[in-house]
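Sharing a structure here in structure tokens format.
Order of writing sets the chain letters: A, B, C, D, E and F. Residues in each chain are counted from 1.
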Amino acid sequence: MEFNAIDTLWIIMAAILVFFMQAGFGMVEAGLVRTKNTANVLMKNVLDFCFAVLAYFIFGYAIMYGSEGAFAGTSGWFMMGITESPVEGVPVEAFWFFQAVFAGAAATIVAGAVAERMKFVAYLAYSFVISAVIYPVVGHWVWGGGWLADLNFHDFAGSTVVHAVGGVAALMGAIRLGPRIGRFNKDGSPNVISGHNLPLVMLGVFILWFGWFGFNAGSTLGFGDPVSVSRIIMNTALAPSTGAIFAMAIAWIKYGKPDLSLALNGALAGLVGITAPCAVVGGVDALIIGAVAGILVIYGNIWLNAWRVDDPVGAVPVHAINGIWGTLAVGLFGKASLGAPLDGLFYGGGFEQLGIQALGTTASLLFVAVTMWIVFKVIDMIIGMRVSRETELRGLDLDEHGQESYSGFQIFTTE
Amino acid sequence: MEFNAIDTLWIIMAAILVFFMQAGFGMVEAGLVRTKNTANVLMKNVLDFCFAVLAYFIFGYAIMYGSEGAFAGTSGWFMMGITESPVEGVPVEAFWFFQAVFAGAAATIVAGAVAERMKFVAYLAYSFVISAVIYPVVGHWVWGGGWLADLNFHDFAGSTVVHAVGGVAALMGAIRLGPRIGRFNKDGSPNVISGHNLPLVMLGVFILWFGWFGFNAGSTLGFGDPVSVSRIIMNTALAPSTGAIFAMAIAWIKYGKPDLSLALNGALAGLVGITAPCAVVGGVDALIIGAVAGILVIYGNIWLNAWRVDDPVGAVPVHAINGIWGTLAVGLFGKASLGAPLDGLFYGGGFEQLGIQALGTTASLLFVAVTMWIVFKVIDMIIGMRVSRETELRGLDLDEHGQESYSGFQIFTTE
Amino acid sequence: MEFNAIDTLWIIMAAILVFFMQAGFGMVEAGLVRTKNTANVLMKNVLDFCFAVLAYFIFGYAIMYGSEGAFAGTSGWFMMGITESPVEGVPVEAFWFFQAVFAGAAATIVAGAVAERMKFVAYLAYSFVISAVIYPVVGHWVWGGGWLADLNFHDFAGSTVVHAVGGVAALMGAIRLGPRIGRFNKDGSPNVISGHNLPLVMLGVFILWFGWFGFNAGSTLGFGDPVSVSRIIMNTALAPSTGAIFAMAIAWIKYGKPDLSLALNGALAGLVGITAPCAVVGGVDALIIGAVAGILVIYGNIWLNAWRVDDPVGAVPVHAINGIWGTLAVGLFGKASLGAPLDGLFYGGGFEQLGIQALGTTASLLFVAVTMWIVFKVIDMIIGMRVSRETELRGLDLDEHGQESYSGFQIFTTE
Amino acid sequence: MKMIIAYIRPEQLPDVKDALFEADIKQFSATTVMGTAPKTEQRMYRGVKREVSLFRRVRLEIILHDEKVEASMEAIAKGSKESGGAGRIFVTDVVDALKPWTGERGEAAL
Amino acid sequence: MKMIIAYIRPEQLPDVKDALFEADIKQFSATTVMGTAPKTEQRMYRGVKREVSLFRRVRLEIILHDEKVEASMEAIAKGSKESGGAGRIFVTDVVDALKPWTGERGEAAL
Amino acid sequence: MKMIIAYIRPEQLPDVKDALFEADIKQFSATTVMGTAPKTEQRMYRGVKREVSLFRRVRLEIILHDEKVEASMEAIAKGSKESGGAGRIFVTDVVDALKPWTGERGEAAL
């Protein structure tokens, strides 16, 4: 077979950038938990990626791309017998790597939402299942030639497939676990549990943004259309900028002060929002999509507090809510001339694409919600989801890993 | 139009690397301020980039590349009507992104110099103006077909356009604000205000250096000449190495001990110094340019202390002084055979190019100094530049953002 | 000469990634020492890279690639007279940069093993010598047309040339220096000296892994064979995953709890292990090689403790032991069909390649062990290797640099 | 005047604080200390065991009028009981006090 | 011998230190404590309000001869006034002292 | 009951701890403090000199029966001597104590 060097090189570079997002997730999550649970959340981040790679090698790829059933692929376990990638000119190993790092991203989104109270071994079990089965099934539907692909559902880089899937799994996990001790008062009002290290959070968000250029622009799966890649790159710079600005502004108006961690959440929200439509919208559309994402992340956070769901890092507002928003945005702002299946509502295409987008994201997320609920239920029955009250008070680092994240600093635990 | 995949890919990858420099600036600046102002400086870093993207999309690009007047471009607001980039074979969206991240870099240089005392909202105003107008005007003169381009002023990757512009803006800001409380004694002698986290500074410098390979080598705006790109890459490794070594050595000799933050400043100084000449000098020249930069950064720091200008991170010695040095170095070490307009003084070309370089950098920096002085003056009148004495003592994090950067660590504020 | 743009671009991008590993080493080492020695170890990291660049420019390249003697090259000091790289189509400046960052990696491995007790100036002397002479000699043997290249010794990306060389130098350094005060009791049993900042360690490992994709896949020295590059990328994802999982599992079984820093060491061990064979083994082989590496790193750690060698960051188990393992793995798992000189033992090739691998790694490491022993001896005689007991107790930051890494945090020195 | 020095566990501080406030004791100071415990604990780091003998505790310091000593002890006991018990309370004498910005001395300065 | 325990604001430490040195009181120790204040403060984090009731303060501990008590109180009051006022000073008794490396006891050990 | 307040250098803590344990003094607390020293030290940061006058020290607080005071002083002196000497030990009175979870008071509560 003839391979295309530049397409392969681009996919590999993009995948390497996406790989690095793992460190971004790690830093964001570590920075937003307390010192006493930092090593635990980092350990979860490292291991969920390692398990994702393993699970996606053994099962995931076979389910997602192994063969073309409507529901799931069924061949190519351990990558055996797979000699070609679905993308002409790109070796399957490069394609596998690009897909594997996406699986890792979906899995790791959950770590933040369940932080500070979920058992390490339960988390390992969860992370293997999502990468081996759940993520690949949805991926197959949309990208692997499944039924949503047939319907012309358009999720370019994975607002639904990766982010909303991870975000809904995170929501299920957070609901099942319940809030951290002290997070809500008896009257239901929320308390503050401050993140311990904001510089790490900022660093993590910039690592994520950096990787996201690969995430979105690499989803072209080649460099055959330089204009499309360039447009995606531009949009991936624009949307998070308005996302951060609007999240900051709304927080400023509502709470009187601009909050760093919410502004950073806004940037991530803009990134998630632009992920599905990045290839098929123009620059001004991207600015609007990002701005809406920034607003949604603030209200998402308020809703979660009202429903007493405890999501220490804001994974649900960022990934679930904005994953849905991004998917719908294709039906609103998409342009057929740029490659969307149909023009979006705002460009005269009517409701058709919007309907397809709504159907696709609803179906995918229902599937994830139900299966993840069962998965967490089973894990809970077999090994238990939540650490003991004592462990939670002392911190998961000491009881689950027998070590502390920081040494030498004097730590004021209750501050 | 026919697009060139490899040129576009290279520009995009380089721009992504430059984007990441934003995190580098954030880490350096966060690490060199006190704990109580860390979230504030990070917030400034995040938002100045977001504003730069927005401002450069709406106004900046139009001024810099919109049309070919001697002083400024005047068309293409909101990127409307712009369908081609000035670089053949490269889509305008990719070119825009490359330019936008440069604008972000120029803007963010100021954050460090005005840290720990400048109001957040004043900083936001400043950052919009520099990215929307001031940086694009100078950029137009040199890169956008303006009068300095016509004179054969050579600033390959922006020692003047980006770094000295940012550095002089930083100097104006630092002068207008005055020093932090306690930074100078009544007799004018300087006091130490230690940075709070040196590992972040080291990380930031390496992120910057990493991004700088894209900054310099991406300024080829294509990959048509692999030798030129390669030479730039080599020089971008060599100059900062001698920069760090010489800064360390001079500090060691003068102060008795090698200082980490000054050695790191030396590496950055070498990077700024090689930015203008990177394409047109050889390896040994790069070593010399870096060494001089490393020496200059130490003396620059001494001069600032003598003039009682308080620059917490060394932005002025690094970016302003070495931006000038790098620009002049083209007139000293440049070789016509490698692409310089004329041979430099040390290679038999006489004073002509050196004169042009001196003229170009002087004109640009005068323009920046005057306009920024006015901008800061106006901001000061309308919203006020400096936080209150009380806020400064308590820290900007608490009063401006209502939160702290670190939680759980016991902080000894006055240490 | 005709240059190949895509090959050059790939080598440059890969080298930039490898460059960034320097920050990864810095973060890992900083995180695993105590607060009082953090600036010192960072300073060593920065400067050893700067010296490596300088030394490799002046001497190293000439020795490694200057001419084709069996033992060492002898021409091209200061890169003078060198106009072509050994790789067709790639400019020598790009090739030099790729090699220089490898030299930097080998040098910096030592910093962690000798941390918290080696004099800064002694370390500078060491780092110049290894980059100028010792690493280039071994590099010449294997990659520069020396006697091991002639024997068909296969070390694709440097399990031996870079990692085991650095790891053995680290071992020599750690042995000569002796353990840190308080690291072993009078009865020889080991004590804990906790690393001060695990988030930095996690970040560092992910930066290293990120860079390693460039390290391994860039060692193709071009993009002529997209399948080979893709396979290397896949293997560089697989091996560290099982490395981390198995290191964690073994630690869990042996010590009762999963240890973050050992799991991270396991990921690095997998990376080192796959470095030599990355191009010539399949995915399942990579999983096995990584798993063995993860197990070896735990036992390596135990052996060091038993022999009372104090290696604060685990440089020896990671780089020396797994460097050897990776080199031997070529003789076990290598496939001629993928480019190995001969099939490995497990694929029917018998012991021949394994024997060559064993010979090559033994010869290289003996050379390094002997020369480094002498180098350290000489340094010890002239300037002294180890800081005074008083300096060690107070911390190297204060006595060697007159500054502290953290300010404002209350530090509990003896915790 | 007396000075109460109480050692509690970090997680007890919020409840103890509330109990003190309820008992109308509104001025005190807290520090983190490393304190001994009846039993040492085994931790691991990179495969090496270590006996940890000092644990993070919170030290409260409360200067108050003699008649409030019993109330403060009860409040601390009550507050700490809710989240796990244990702790120690000590009482020492205070001979004088000064509110610098009013100039009040002795009992009046509290 | 007496022990002075003084609570000041962190930003006052440099001035108080200088004032003590001027009053020829050259030996003391400082710690960060979290202390109460007359009013709580509202802070925000991710859109959730919180009442902060403990603030960072510096606790000085000075053991000195009885005749220096007044001078030290004045010095602290003076030093802290320069940068904003407030704070508390308490005095307790010290019954003995030892300089281990000279063996001096009691008053002589200061 | 007495309270021992001892200032030592951070690196002396392990030895002092062992010496106290040997002397059968098994309950105490340690904090980091910034303390004065006879001489200031010059440090550098970015080319600017500074005189450092406060240094990191460890403050031990030990409440114990009167008859153990001498033993504890000896233990601290011995423990600190092994790693460099210096330090200070002060003794104050403790008037009462309470073990909240047993209700024991006074001497019995130690």
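Observations
Throughout what follows, a residue touches a chain if its C-beta (ideal position, glycine included) is under 8 Å from a C-beta of that chain, and two chains touch if they have at least 3 such contacts.
This is a predicted model, so every value here is computed, not measured.
Set side by side, C-F and B-F show the greater C-beta contact count at B-F. Subunit F has its Cα centroid 51 Å from the Cα centroid of subunit A. Taking the mean of the C-alpha atoms as each chain's centre, subunit A and subunit B sit 33 Å apart. Note: centroid distance subunit E to subunit F, computed from Cα atoms, is 18 Å.
The set of subunit B residues that touch two or more partner chains comprises 6, 9, 13, 194-195, 197, 203, 255-257, 259, 261, 402-403, 406, 409-413, 415. Taken residue by residue, subunit E touches two or more other chains at 31-32, 34, 43-45, 54, 92-93, whereas all remaining positions touch fewer.
Pairwise chain contacts present here: A-B, A-C, A-D, A-E, B-C, B-E, B-F, C-D, C-F, D-E, D-F, E-F [touch as defined]. Residues 10-11, 13-14, 32, 42-45, 56, 58, 83 of subunit E are the ones that touch subunit B when the two sit in their complex.
Interface residues of subunit B facing subunit A in the complex, by the touch rule stated above, are 3-6, 8-9, 12-13, 15-16, 19-20, 22-23, 26-27, 30-31, 38-39, 42-43, 45-47, 49-51, 53-54, 57, 78-79, 90-94, 96-97, 100-101, 120, 197, 200, 203, 400-410. Against subunit D, the residues of subunit E that register as touching in their complex are 2, 5, 7, 31-36, 53-54, 57, 59, 69, 73, 76-77, 80-81, 85-93. Residues 34, 43-50, 54 of subunit E are the ones touching subunit A in the complex.
Of all the residues in subunit F, the ones that touch subunit D in their complex are 1, 3, 17, 26-31, 61, 63, 92-101, 109.
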